[in-house]
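Each chain carries a letter (A, B, C and D) given by its place in the written order, and its residues are counted from 1.
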Amino acid sequence: MDFALSPELIALRDRTRQFIVEKIIPLEGDPRETPHGPTDVFRQELIGLAKTAGLLTPHASKRYGGLGLSHVEKAVVFEEAGYSRLGPTAMNIHAPDEGNIHLMEQVATPEQQLRWLVPQIEGKLRSCFAMTEPAPGAGSDPSMMLTTAVRDGADYLINGLKWFITGADGADYVIIMARTEDGQATMFLSDMDAPGIAIERNMDSLDQCFVGGHSVLRLTNVRVPQDCILGELGKGFRYAQVRLAPARLTHCMRWLGQARRAHDIALAYAQKRQAFGQRLGDHEGIGFMLADNDMDLQTSRLHIFQTAWLLDQGERCNYESSRAKVICSEAEWRVVDRCVQIMGGQGVTGETAIMRIFTDMRGFRIYDGPSEVHRWSMARKLLDQKV
Amino acid sequence: MDFALSPELIALRDRTRQFIVEKIIPLEGDPRETPHGPTDVFRQELIGLAKTAGLLTPHASKRYGGLGLSHVEKAVVFEEAGYSRLGPTAMNIHAPDEGNIHLMEQVATPEQQLRWLVPQIEGKLRSCFAMTEPAPGAGSDPSMMLTTAVRDGADYLINGLKWFITGADGADYVIIMARTEDGQATMFLSDMDAPGIAIERNMDSLDQCFVGGHSVLRLTNVRVPQDCILGELGKGFRYAQVRLAPARLTHCMRWLGQARRAHDIALAYAQKRQAFGQRLGDHEGIGFMLADNDMDLQTSRLHIFQTAWLLDQGERCNYESSRAKVICSEAEWRVVDRCVQIMGGQGVTGETAIMRIFTDMRGFRIYDGPSEVHRWSMARKLLDQKV
Amino acid sequence: MDFALSPELIALRDRTRQFIVEKIIPLEGDPRETPHGPTDVFRQELIGLAKTAGLLTPHASKRYGGLGLSHVEKAVVFEEAGYSRLGPTAMNIHAPDEGNIHLMEQVATPEQQLRWLVPQIEGKLRSCFAMTEPAPGAGSDPSMMLTTAVRDGADYLINGLKWFITGADGADYVIIMARTEDGQATMFLSDMDAPGIAIERNMDSLDQCFVGGHSVLRLTNVRVPQDCILGELGKGFRYAQVRLAPARLTHCMRWLGQARRAHDIALAYAQKRQAFGQRLGDHEGIGFMLADNDMDLQTSRLHIFQTAWLLDQGERCNYESSRAKVICSEAEWRVVDRCVQIMGGQGVTGETAIMRIFTDMRGFRIYDGPSEVHRWSMARKLLDQKV
Amino acid sequence: MDFALSPELIALRDRTRQFIVEKIIPLEGDPRETPHGPTDVFRQELIGLAKTAGLLTPHASKRYGGLGLSHVEKAVVFEEAGYSRLGPTAMNIHAPDEGNIHLMEQVATPEQQLRWLVPQIEGKLRSCFAMTEPAPGAGSDPSMMLTTAVRDGADYLINGLKWFITGADGADYVIIMARTEDGQATMFLSDMDAPGIAIERNMDSLDQCFVGGHSVLRLTNVRVPQDCILGELGKGFRYAQVRLAPARLTHCMRWLGQARRAHDIALAYAQKRQAFGQRLGDHEGIGFMLADNDMDLQTSRLHIFQTAWLLDQGERCNYESSRAKVICSEAEWRVVDRCVQIMGGQGVTGETAIMRIFTDMRGFRIYDGPSEVHRWSMARKLLDQKV
């Protein structure tokens, strides 16, 4: 049992912290932040800053130009990156690219990696992941997937409607989940400018931090050759799990940074603002909220660390990543909600970064599986235990 | 003890419900809804609809053209109005005008009423209420007010900085709280185009439902003649209480309508959407949320009714209105948060009205006194009780 | 809409309050309070006090010697009775007799009423209600009932095992739920000293306030003649509903009295005890708990009143009584848990009445249907609504 | 960062687990369990079992016959011991002896250790810690201490009234906190049979797991020679901190064992009991509670581990032990409360161990500092941070 971070990791953490505070936070509020995330031009500028700082795509393997971070190392670095809503974009560790990079490293062929992964790690390409569908298709329940991939000669023809496709607008390539004729799910790779892929509309969303926002994607006879199958036929759901367990955890890490940022702003306010004869924070009603914040932040961090460590040991962590996801998404949300309350009127305005953290974060309790789906999945595993 | 509504009130309720559903909800999403609320042109169109329906400014006295609703009657009608975010604007019962109309009826001189109140009840004028100030001025603690009113001949010269002034942008007149030389607080009336009144900026806010949004107001040597004092000198805080107890309660009513709207949308979705082999609502995890929603809605309604009834009996209800405000603002918020969760991904998008209810309502736990201030005020009264 | 109590009801309330404070509370801690409730001798002494005060069995019809209280009147009087854990026993309104009296008035034949109900209303007899069974029998799910009633000549022979039979030890008669050969449930009446009825053991329980505690009841060829069927054959579950909706609500009323008692003790303590330089209650952390207590108490009261009023209008209130039961059992529990916390070390000792309220009340979230069953029942009804 | 336990620790954990399950749990319900804990004879029998198993007083230094466990090792072993309410008594790691042993090792003179500590570690002596006082003395706020120690020749004469003195009845020696003439607090050691020490009464308490229960202790001219001062004059509060930070944490560990026990019982029940057509646990309403239990258990465990590790690094951990205490006492309580609910009627009876865990554990949110005092202490430290 050892909770110490190595000196190298501490140095990397501090370097990331400094980068975020000095280079990235000053850019918050730049007019190139749109309701559908930073523009691609702005993104390129941010990526340039991270590259200069040696902090671009740090989770990618060293052979592809990353820092080859372990899961525990990601826990430390991604929390720091998340301290600014622009940090993950700058460091190329935002969703869905972060998870796609991970998946492509694990599953893609060398040719596929050369074509898509390598430039993506360099920040030159963006990707999206097309799984969820509107009713009556696959939402929380992936087994309801309606998108089909039908064999046509040496190729597959894909048809379907996807929505909530994060980052689709402006993406260079897409990973599509579709059902082949035997009913199995398979992942396909395609350039986004392939014939038959159309963005029907961009969805108006509560969060504004994802580059490209979220789109409705119409797939009409999209032709995918066999060498663009990602991994093996019929293993789509298995790969989705490969992608999801760590991807859930990196969400926890980045949002922990956002929650800590909100807490720091609220704490500084509670230290200074006077009300009813004393500092705001000297009121127990406020002081208790600050203590609760710290408890929730540290609880999140400990679950992230433990699950990351298990992943580093080679465990699949389906259970633990569900657990960490529920705990972090709910605890971090409580932190941000309390911060809004501590700030009073300012909490519901753009006077500080908290309002945007509030709107950006609410979806975290829903995406990558709502709390209810994870609780149910955990319950079934507990019920299978021998007591 | 009688929980029955009179046949007349039921008829009025049903008429209001029909008006909101048929005339107002179809206008939601009109491009004239801006981040700072409906435009004034749009507002005039909405008001015209309510006037035609005989539902304009129903809380005003009959002699001024209102329906002279009692507090209990308001409870019923305002909940219905609140079912659409545009309903209160249409019926001229939105904040801050609703509370200002109430205050002006109670305190203003006949001349002041003729000049400002009568056209306001007709929907021709809008008003704002300028009390809160940035640090180190009056936020939750009104005793910290820094704005001054200094005698200058027969007039007063007012100087200060106000913020979170709802509806200021486009308002015709303003009620200003300021401190006279003896340290007492007084309310002053002024046209908004008077020299020295300047809107420094409109604040970027989480809510978007208030006409005019929220502004920062600079007051520089604003000259107010004596006959524009509202009520008596030095009674500003007393009148603020006159205004606040019922104003808090009408917030509870309108937001109850919004919470019920969110619940209805989520319930309809839970009745139809399939997941994991059954209707969403057939999952206990979702079904329990629906039950909790109903409990929170009915709890809010009962506290509103009881406090409204007490106000109708002539009680001041400072305690009860604090209690109702805390209970409703927190219970109605829980409802909306659950609805977001039930909707899944759609809950955090503009696909339904819920996302806007979510962003519009969060401030309700803060304005007109955050929960913490009300809890503390309640505690002090309980501690003074003889047990 | 009218929240006023009639002068007669206020007088009755005050008379009950005085009776409880002056005559009953001084008897709390009497050594005849056992782990399985007051002894029968003690019970008789308590009943004598209520008879003298004219407050015995007030919910029974006037023609049987009660006060013929409406449900709303019961709400007021039972809360006062519940202010002492001995009050309901003294006034003969404790569970299960209170509900059994109600059921017997509704359903029993004149002969049955003469034999059992009349002396019960006079406090001379006690009864119990034998429905729940150990696994795999009927617990929360009554449809799983295993106890059988088989026709034998003109009689029925009943066999089965019941548990959690409150008040069985020392009861004079029992209402037995059993399944006849057609699978339908029927209620049967029997003296407790009938051959074949045996108390296997008394259960060790967290609550200690019920006369006779809770027993395991073995039924072995209990012979019941036809004229001891309660109501009609096959209507057992229907009558159980007749009994349950109001019985749930009277639980809410009595426990509200207990919760208010705990709050009053904690409030008095917070007014006097000093800590960290001020009165305990002057700490916001404690003051907020007092405010939350008051909110929970009043919320419970309002739901009780509304549901009682609906019952008085002739409504069946299955939904509303479920709702009130969940709300009250959870809100009143929160009150008591907070009171334990406010009292500090004393809260977990017998220094005040709070510890016993804490142990007596926990079961209220479970019996007469756990919160989960009620939430689910509510959810199904909501899902059947046309939105 | 390393979450692995050493093979030696895993072996010790498994050995302890086996000991508790095979030797101790069968003794639960022994009639020598009284409302004030196991009798001393029963305690000796339990201690004999632990000695035979090589598990007696494992936290004591090896030179005194213990296993010299580090804090992290204690975290593992104490959780296992706590799986039975009799486990800590058997292994001599119950409160207050466990904390007193720790304090005596740190602060006592060799003579004091020989006289009291060595036989205590062997399980032959029991001790108590006399700090808290009834109003207006020291409760949560130790600065209000009224007990005095006045110099009389070479000795001190101690006078005062203490209450909630756990284990006093039957203890062999006592550590008394008293105020000397200069107002400073000092710790004194005395045999319990010294003249002037009288147990006024044993308090009726919710918990029944502590040997000797909780007593009111009257100190009347208790004569203590100088060589029975524990540590240095005037350092009483400092030593109390030395004792408290780890003592809080060992509470967290033992109660974690109790909470896990409750969860295991409830889980086994949810796996078997049928209701409404499926296993209890297959209902989401129950399954979610099981998942929440697991989250709360693991959260508690992680905070215990981290704080224990910090203590092992030589940190004082005042902040972290407060945090862990609040988190564990509240999370473990939620687990037990849910287990009561899952069990239905059985949850509030002695049919399983859960009822006793429920009554034994409630005080944990209060003793060693109620949650409110710890939250406030944390808040002040956060407010002193430079953000």
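Definition applied: a contact is a pair of C-beta atoms (placed from the backbone, for glycine too) under 8 Å apart; a residue touches a chain by one contact, two chains touch by 3 or more.
Chain identities (UniProt): A, B, C, D = Acyl-CoA dehydrogenase.
The model shown is predicted, which means the values in this text are computed figures rather than measured ones.
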Touching both subunit C (Acyl-CoA dehydrogenase) and subunit D (Acyl-CoA dehydrogenase) (chains): A, B
Between the pairs A-B and B-D, the one where more C-beta pairs touch: A-B
Chain centre separation in whole Å, for subunit D (Acyl-CoA dehydrogenase) relative to subunit A (Acyl-CoA dehydrogenase) (CA means): 42
Whole-Å separation of chain centres (CA-atom averages), subunit A (Acyl-CoA dehydrogenase) against subunit B (Acyl-CoA dehydrogenase): 37
Subunit B (Acyl-CoA dehydrogenase) and subunit D (Acyl-CoA dehydrogenase), separation of their C-alpha mean positions in angstrom: 52
Per-residue multi-chain contacts in subunit A (Acyl-CoA dehydrogenase), two or more chains: 283-286, 288, 372, 375-376
Residues of subunit A (Acyl-CoA dehydrogenase) that touch subunit C (Acyl-CoA dehydrogenase) when the two form their complex: 283-285, 288
For the subunit A (Acyl-CoA dehydrogenase) and subunit B (Acyl-CoA dehydrogenase) complex, residues of the former touching the latter: 132, 135-136, 139-141, 143-144, 163-164, 203-207, 214, 272-276, 283, 285-286, 340-341, 344-345, 347-351, 355, 358-359, 362-363, 365-367, 370-372, 375-376
Residues of subunit D (Acyl-CoA dehydrogenase) touching subunit A (Acyl-CoA dehydrogenase) in the complex: 1-5, 72, 264, 267-268, 270-271, 279, 281-282, 284, 286-288, 290-292, 294-295, 298-299, 302-303, 305-306, 309-310, 323, 326-327, 372, 374-376, 378-380, 382-383, 385, 387
